[in-house]
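Should a chain be cited, it is by its letter among A, B, C and D, assigned in written order, with residues numbered from 1 in that chain.
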Amino acid sequence: MNSHQGEMKGDKQMNTSVLEERSKVPATLSARALSQVKNNGALWAFFLLLLINILITPNFLQIQTLYVNLTQVATVAIVAIGMTLVIASGGIDLSVGALMALAGTIAPMIFLSDFAASWPALGLVLAIVVAIAVAGLAGLFNGYLISVYKIQPIIATLILFISGRGIAQVLTNGELQTFDNPSFEFIGTGRILGVPVQAIITIVLALSIAWVIKRSIYGRFLLAVGGNEKAAELAGVPAKKIKMLTYMICGLLAGIAGLISTAINSASDANQTGQLMELDAISAAIVGGVLLTGGKAPILGAVLGAAIIQLVGYTLLANGVHDAVAMVAKAVIIIVAVYLQQVKGAK
Amino acid sequence: MNNVDSIDLVECDMPSMGALSQAPEVVLSMQGIDKRFAGVPALSNANLALKAGEVHAIIGQNGAGKSTLIKVLNGAHKLDEGEIHFLGEAVSYASPHHAQMAGISTIFQEVNLIAYRSVTENICLGHEPKRFGMVDWRKAHAHARETLARFGLELDVEQPLGSFNIAIQQLVAIARAVALDAKVVIMDEPTSSLDEKEKAVLFRVIKELKSSGVAILYVSHHLDELFQICDQITVMRDGKTVEQKPISAMSKLDMVAAMLGKDPAEIAKGGATNFAATGQVSDEVLFSVAHLKGAAGLKDVSFDLYKSEILGLAGLLGAGRSEVARAIFGLDHEMKSGKMHLSGQPVDFNHPSRAIAAGFGFCSEDRKEDGIIPQLSVRENLTLVLLPRIAKYGLIDEAKERQLVDEFIRHLGIKTASMEQPISQLSGGNQQKVLLARWLVTNPNILILDEPTRGIDVGAKGEIQALIRRLADDGLTVLMISSEFEELVEGADRVIVLQDGHSIQELANEQLTENAIMKAIAQ
Amino acid sequence: MNILTRVINLPGLKRKAHASRQAEGVLIALAVITLFASLRYDAFLSEYNIMTFLAYNSMFILIGLGMCFVIMTGGIDLSVGSVVALSSVVVAKVSEYGIEVALPVGILVGVTTGTINALVITRLKIVPFIATLAMMLGARGMALVISGNQSVDVSWESNFTQFGLGKMFDFIPWPVVTMLLAFAFCWLLLEKFAFGRHVLAIGGNEEASKLMGLEVNRTLFGVYVLSGALAGLSGVMLASGFGAGQPLEGLGWELSAIAAVVVGGTLLTGGLGSITSTLLGAILLGLIFNILNFENGLGTISFSAYWQSIIRGGFLLVVVVIQAKMMNRKKAH
Amino acid sequence: DLPTLEKKDRYKVGFAQTESNNPWRIAETKSFKETAKTCNWDLVYTDAAGSAAKQVSDVDSMIAQGVDVIFLPPREERPLLPAVLRAKAQGIPVFLVDRSVDEKVAKPGRDYVTFLGSNFIEQGQIAAKWLIEKTGGKGMILELEGTTGSSPANDRRKGFDDEIAKHPEMKILASQSGDFARDKGRKVTETLLQTYPNANVIYAHNDEMAIGAIQALEAAGKQPGKDVLIVSVDGTRDALQAIIDGKMGVTVESSPFFGPLACSTMKRYANGEKIEHWVRVKDRVFTIDNAAKYIDEAY
């Protein structure tokens, strides 16, 4: 096969041009980062919120405030990352909340079992791995319906939205599983160098996934599939696999979030874990700048979006504004943030 | 000005052109038009004068600004500078709809109708005949039938438009635009998806319109056809209108020279097309297809593809040429039957990625639907197929990517602000070049090209044709589908004629003439 | 000319055939399930069950009809559930003036939220999913603020509750009558009026519709206002049929409405759709609840709430997979 | 003019649960299911998944199935009226459980037989009184409300707030909804503790939120029970354990075990006895004094 020819030709010329390229790349990168800051309405909104809080919210400038917000935002941010990937592929995932409940329910079932009583360490590892894997499998199921049967994502994921939580509830009969397992609770309540563990998990996940999206074939393929699936398929992109993988990743992330949520509460509650999470995650992803038409995956934007929504909630709560009003405020924030992004984008 | 009420009355009579049918006067003029996209000028000081009853062609290279000029005129884009006068008044339209209400109808470069809706609806949308406030379907169908009858078309107008091929759709679009009692009809590359017969129908209609005083603005890269219908030529180059002359005062050579901004004598040396069959084809069968049967229009196609030849597929629209390409490339796999051999080994791809791995490439005909990925940049679009090969452990070698992209942008003369520009902002022809580059950069063994030069200007067309030939000489095997018989006759070593999903004839050497193809098809 | 006409009889998408086949599919499913249930459960086909079932499901059918229009344009309206709640609260506040006042007020509430949705979508150019997601939060918040966080008394002295609880000719509940009228209205609108054609055209290809000179924004406006108005009407039924304005009701109704539309075979991508199948889809989904209740009444198995949601999800899975198979097979032919 | 209930061996009994998403409801359902066995019922069980409208429809389907009697824990006071009225019109006696309906329209002894349940307002009052006694009428209070708009949330708030208002040195610093859920209760507490570091009492409308509050306190480095006193309603096992551990002050019982009471009240009614309009459930108060004794009864 003469497909090597192209590479060889390329290699030869690379010697001459690669030097100039090297010097150009960092410059364009930093310039791009700068313009991203300038053009990012969400970032401005975030700073504005910080400012408002510093001015009006009592005791805002305390490290504990930061920790409280970090712990509270972690689960939404993690799920929002998955949601961003799914939306970038041109879909949506309503089932994330149910998958959180599923994972959150399965883990304690395993580490509270007799088996884990005799093998605690193994039981714990197994609990975490199996719980996340089940959520991933459920995500894969979503992806399968969507890519193989070509069912609309909103409907395909509605199925697990309806019955996923039901499965978790049946497993426990709807009852709470309370536990006292310090090693597991570490995911939710532990600190490393004073920083809450789930914040570290979130940041590590966000940075590594953002890097993967930017640098890997998977990332490029994902955006291609989201942008124009037919064209991508024709260019040899395995669109079905990419989509299944994406929904699976979203499920895995929901599973991780479910474990964190369960660990903080030292109880798993199939009824409540991840309730309304899909709305929060979608809102965060949207405020973070994802396009519902697909083809764009701002991972760090999603984390920022989650932070903004968290901060809005915190601001209102801390200042005694009632839930109902907070809902209206959230609605306005979403519209304003998206509108600003569009205006900036159009320029 | 026209209003909606009068549109309701259309009923397929020829528009009455009372005032306009006298001595030709300037109905529409554009002066000093400037248009910038993000600061980059697409039009600078463009001028145009259009008289009643004339067919006025705009020609120019890809990205010269033809489509932009039209979009500025009909309100799809807002102009930055300049004036437009229509029937003596200064005008500025908020949208193509407003322009249409005023009597300026546009048929856009990409067919823009609604595939799911019936032909009738596509013709009558927005001005449905009504009874008691409800749509009068009987009347609407009759209206649609009459409108189409003028184009010699008899269709089942209750069928969804999408069940007809792209040519019919194009004609329906034209019929719709014309039926709206327009004083100016704008056509942006209307023939790019029509074959000879259909073109003839279109030209007849254009002449009819012309004789009733309608002014027609006509954009096309097919310079030959201009001589059949046009009166005036405006040449655009780099966003400027550089020349306006009656067609009688220009030769094809002059046109090309004006478009490229070169001396005619210099061009003359190059020859009209850069395609010339060299005749050095090996007799090694690289790939063969036997009794291929597949989706929709594909019934029984067989042929052999020799190593390093250019094999043409000829046929009318809907003859099944594209289906052959799709079937080979592993698309529509569920519906396929027949045998294929690559270098003697039986092959059957169930996904394009398999075909690509086996050394195939396929540049499809529908740029918008299965070509570009609009949100992604030129770079990302260009390397989509190549990606797995410039990656290690799933990570892309970005330096190499940039370098290759840079090379191909220069190589093919792709006009783009930078490799990071979203491909959707490129002109149609330049998008096509990027798509071609997407495959060329992978250096395939067998390249299937479906209408590779559609929408590409003469200069670039020549370059692309020459490139294809050069690659073939270097060992690339090409299967080329084209609706231009001239391109096939000059460029292909052999041509397979398809009709109604069957391969009916093979033409080669001295048998291979435009006439022969025409005759084979007419059988 | 002969060449041109030769290619016209290509196999393709036949809208009419598609829609009617879809309606047939849902109808068959409905018939089978009804037959099964009527054989298995004694009182299933009793007048009481049929009428109360229809009256209750009228609320869902109304928002399903609105949703169908929205989806046909390629959009979505996530706010309907909240709008139902908001409307019910506002209507309860004016219920003492009788249904003559309350009905228009309730519809007006929906028209208002629909107008805001439409403005955000057409003026600010924010995609429907986001615009109506925000309204979903906003309307819910408003409902809670107006009601002071609790359900609002309606007047039992005025004729207000007659609308939700009374019957025409002592036989058909008024909500059912209203729903049937709304259905007829929507059917006419889609099939017989230019508006319906424009809705489908926009869903088929918005860009093209714009270029063809359709008043796209005006049509979208109409669609979101219609969806809002029907949700408002549904809110009137809620307040008057259940005797209270309920700020917390309607959670997740938007998803049931979307499911009803999809089960009815309307494509979420827009451009195709059927009012009749949406009605049938909504009834089919409602029937599941009814049947589960009857099944529990038999006493052999008692499905917990959890099993009920698993069964509902499973049913939806079966329906959409069968549908998808039918669609994909059709494409292959 | 109430429908009568004939004396039979076996009854077909409808129980229209409102939702099953919290331990309290689950315990209530369980109690009815167990009673069905001991009391010789054919139980027709439905679940409205939190929707008052669906609950009405569920009752309708029970009426259609011809049940002998209906036990209905109405999700809300008002929206369930039509269901009560329709059942009566069809000659089916209705017993309201754990929550009542609006007395202006439907009256016990006329439209429904009786209301079996506790008094949510009183629960709030008891909690407040205990607190006042314990602190001597001083305290900075954070209140965690139940689901916005639900009647236990409204009543427990009213009973508590009114009582507290009588004591000038007690102040409710903030009152926010924690949705009756542990996770939300924790989050809200975390936030409020940041804004009001001076708070020394937390009143939660149910035990789940109280447990969440304990977790928030511990995460913030405060000692629940010492730095901040916790007062709550329900009497769950976790709450009693917390009381035993000294993390919580009091929880006012709100018993979900209605089954036996339902059985006996129904038997009395079938015997033709006149039933009082409110069959009160005696709610106990759990503190450190009795928590250990009752923890095995808790759910």
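Definition applied: contacts are C-beta pairs under 8 Å (C-beta built on N, C-alpha and C of every residue); 3 or more make two chains touch, one makes a residue touch a chain.
Keep in mind that this is a model prediction, so the values were computed, not measured.
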item	value
Chain pair, A-D or A-B, that carries the greater number of C-beta contacts	A-B
Inter-chain centre distance, chain C versus chain D - centres from mean C-alpha coordinates, in Å	35
Approximate Å spacing (C-alpha centroids) for the pair chain B, chain D	72
For chain A paired with chain B, centre-to-centre distance based on mean C-alpha positions, whole Å	42
Contacts with two or more other chains, residues of chain D listed in rising order	20, 148
Touching two or more other chains - residue numbers and ranges from chain C	144, 149, 304-306, 308-309
Numbers and ranges of chain B residues touching at least 2 other chains	none
Every chain pair meeting the contact rule	A-B, A-C, A-D, B-C, C-D
Parts of chain C lying in touch with chain B, wherever the complex brings them together	1, 3-8, 10-16, 188, 192-194, 197-198, 200-201, 203-205, 207-215, 271-272, 332
Residues of chain D defined as touching chain A within the complex	20-23, 26, 148, 174, 176-177, 181-184, 186-188, 190-192, 194-197, 211-212, 215, 219-220, 238
Complex contacts: residues of chain A adjacent to chain D	57-60, 62, 64-65, 68, 71-72, 169, 173-176, 178, 189, 261, 264-267, 269, 271-273, 275, 314, 317-320, 322-324
Interfacial residue positions of chain A with respect to chain B in the complex	1-3, 5-7, 10, 13-14, 17-18, 21-22, 25, 215-218, 220-221, 223-224, 226-228, 230-238, 291, 293-296
Touching residues on chain A, where the partner in the complex is chain C	92, 94, 145, 149-152, 154-156, 158-167, 169-170, 173-174, 279, 282-283, 286, 292-293, 322-332, 334-335, 338-339, 342
